[in-house]
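Read through the structures below before going on.
Two complexes come next, and they have one chain in common, subunit A, joined by subunit B in the first and subunit C in the second.
Right after this comes the complex of A and B.
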């Protein structure tokens, strides 16, 4: 499925803002992203498997509260990072 | 409105969604613009041009050569001058009828209270998380609509936290305060000049709609722009029932 990567994490994806990844849950999707782009998961998920406070993950526009969210092949996942610049 | 005002604002008055009544509301409103930089420049210019009665422009910085690539309130002659004063001149040139209050200080928590309480709408055009959270807290306390924008590199975000409504999420519901969080700053990361114009202008549009009571705002939605691909995305925001800022106030 299509995953949107925020600018803070694009160093891991070779600058790409949209990448493909697979997984039946958000946890599986993030594991797949980590396989493809090593190091990216830790920037989003802490040691307790919680989504970091400055990162929000949306599946088909709805915010995913945790990693158990179920995913389908055509879902769109948007990862948003807090921006402070103005 | 006098004849000059009817002419000056005629293109707004022609819009049935605004009309004379909406324009009168704009003239009688006050907006607090926090930050006179990349976002605050276009936002404040449009608010002034559109006739928002009082605009308070708060910024503690002075104009630097590196600002001029995008901060269109200021000119080369303004380098070294306070941004609030330089911005005031630009706003008064575009519309001398507007009362502009320049505030040359970087505000902290209590500093926002009186300003937010006396404003009809607040625009967060700031460049750091501490200010964003302080502004949000003040808007929650005083139940004021907050139009929040941010821009770094080619990425922009904009939303409305309409804190007059108990069901509206606040900024802290979206991004809880986080002491460990490093700032993603334009000074380090760079920023695409017109991105700040696009996001700041969306902020002005949302503020004017809120003031005139026109249309549907971004309440409950976060608009995300990837200006490199020029693609917009919308995600839906929900109130966090455990939010330490807005749930406590409402309880």
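Right after this comes the complex of A and C.
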């Protein structure tokens, strides 16, 4: 499925804003992303599997509170960097 | 006070160009001098937009740099360069606490705060201090990191640090001031803000508090065993039985194997006090050290007292202090110098450097006798380390 990558993480994807990844859940999708782009997962998910404070992940435009969301092959996943201030 | 016993002869002074490794809230800058340290060129930024708490050169090979990086949006990591910063590669396994068992709350590294190269007999060994307070070790030059379970999983850890606190000091409670005894790689000291100073004699498997004589005015308990707020603690490599500490509550010296710290900050001028963040040692004289006082009154402004910044130097192990402010703003200078943001090079006379929260780098080629601004308009500076020479 399509995964939209925010600018903050594109060093890991070779500059690509949109990549392909697979997984039946958000957790599995992120594991696949890590296999394809080593290091990317820990920058957005902490060691307790929590989504970091200034990262948001949307599945079909609905914000995912954690990594348990089930995914289908044609779902769209959007990762967003969410931070304000200087 | 007896002169410190030197474990080995002082190294010959350096004479080549100096490189300053400057970590800032918005990335890394490298400043290179000529041999006379009179002209400086500024290169960078590297990691633009990233928060860099510490950038350290490995003295064992003179070319490996480790850099503690996080971004506003992104989690913490460590980058490494084996060619003095030309190319960078991220750690394959950055410092991270173990995953907690189901139903239990685990720790998550917020940022890597401090980096210390390991013992000279252990090439590739590094230590990292993180926030919330945790200690990590790498044995492969920073590629992979493992928690030091003797501290991180110690049942007393949560007691020593006063509970897990979301906020703590500005930037969060943190582990720092990792000192490795040059005579024994198993012998370690660490500082925790807040938590205190701790010692291990078995490479981190067990720890014990080392805070006797240190004030903790913010605690209700008189003479507590732990809970103190170490700002910066340094062991002198030529006299490893001597430790100096800039604490939230004063400046101290400890002569091992004694256990009781002596408040050498009592000899500072009363109008200035002995509160500050950094503490810098002379590379060849264990009796010489510099501090940069800050205002610790009322709401703790943490700026130069009275808006008149100055370093203070002692040449006798803290028995007496001398103000060093020539060249610095005589008034309306309200910056702060953070605990990793002051350092010395190995020249003779020693060059002393500091970076400010207002993005300036100052240097003195005369051991603090006169200060010169060598960079302005940088982001808030978190760390300055001198390399080369």
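We adopt the following convention: the second predicted complex is superposed on the first by the 82 of 86 C-alpha atoms of A that agree within 3 Å, B and C clash if a C-alpha of one lies under 4 Å from a C-alpha of the other, contacts with A are read in each partner's own complex, and residues count from 1 in each chain.
Simple rule for what comes next: a residue touches a chain if its C-beta (ideal position, glycine included) is under 8 Å from a C-beta of that chain, and two chains touch if they have at least 3 such contacts.
As the structure is a computational prediction, the values presented were derived from the model and not from experiment.
Student: Just to be sure I read the superposition right, which of the two partners does A:20 touch: subunit B = first, subunit C = second, or both, or neither?
Tutor: Touch partners of A:20: none, neither subunit B nor subunit C.
Student: Applying the touch criterion given at the start, work out whether A:78 contacts subunit B, subunit C, both or neither, answering first, second, both or neither.
Tutor: first
Student: Based on the superposed arrangement, let me know which partner A:39 touches: subunit B (first), subunit C (second), both, or neither?
Tutor: It touches subunit C, and subunit B stays clear.
Student: A:48 contacts which: subunit B (first), subunit C (second), both, neither?
Tutor: In the superposition, A:48 touches subunit C alone.
Student: May I ask you to decide whether A:8 touches subunit B, subunit C, both, or neither, giving the answer as first, second, both or neither?
Tutor: A:8: touches subunit B and subunit C.
Student: Report for A:61: first if it touches subunit B alone, second if subunit C alone, otherwise both or neither.
Tutor: A:61 sits against subunit B, while subunit C stays out of touch.
Student: Quick check on the output: what are the common subunit A residues between the subunit B footprint and the subunit C footprint?
Tutor: 6, 8, 52, 54, 81-83, 85
Student: Which residues, counting only subunit A, touch subunit B once they are in their complex?
Tutor: 4, 6-8, 17-18, 52-54, 56, 58, 61-63, 78, 80-86
Student: Going by the contact rule set out above, which residues of subunit B touch subunit A in the complex?
Tutor: Touch list, subunit B to subunit A: 35, 37-40, 124-129, 132, 149-157, 174-178, 181, 183-186, 189, 191, 196, 222, 224, 226, 228-229, 233-238.
Student: Going by the contact rule at the top, pick out the subunit C residues touching subunit A in the complex.
Tutor: 71-75, 77, 90, 92, 94, 96-100, 105-109
Student: For subunit A, which residues count as touching subunit C in their complex?
Tutor: So the residues of subunit A in touch with subunit C come to 6, 8-9, 38-39, 42-50, 52, 54-55, 81-83, 85.
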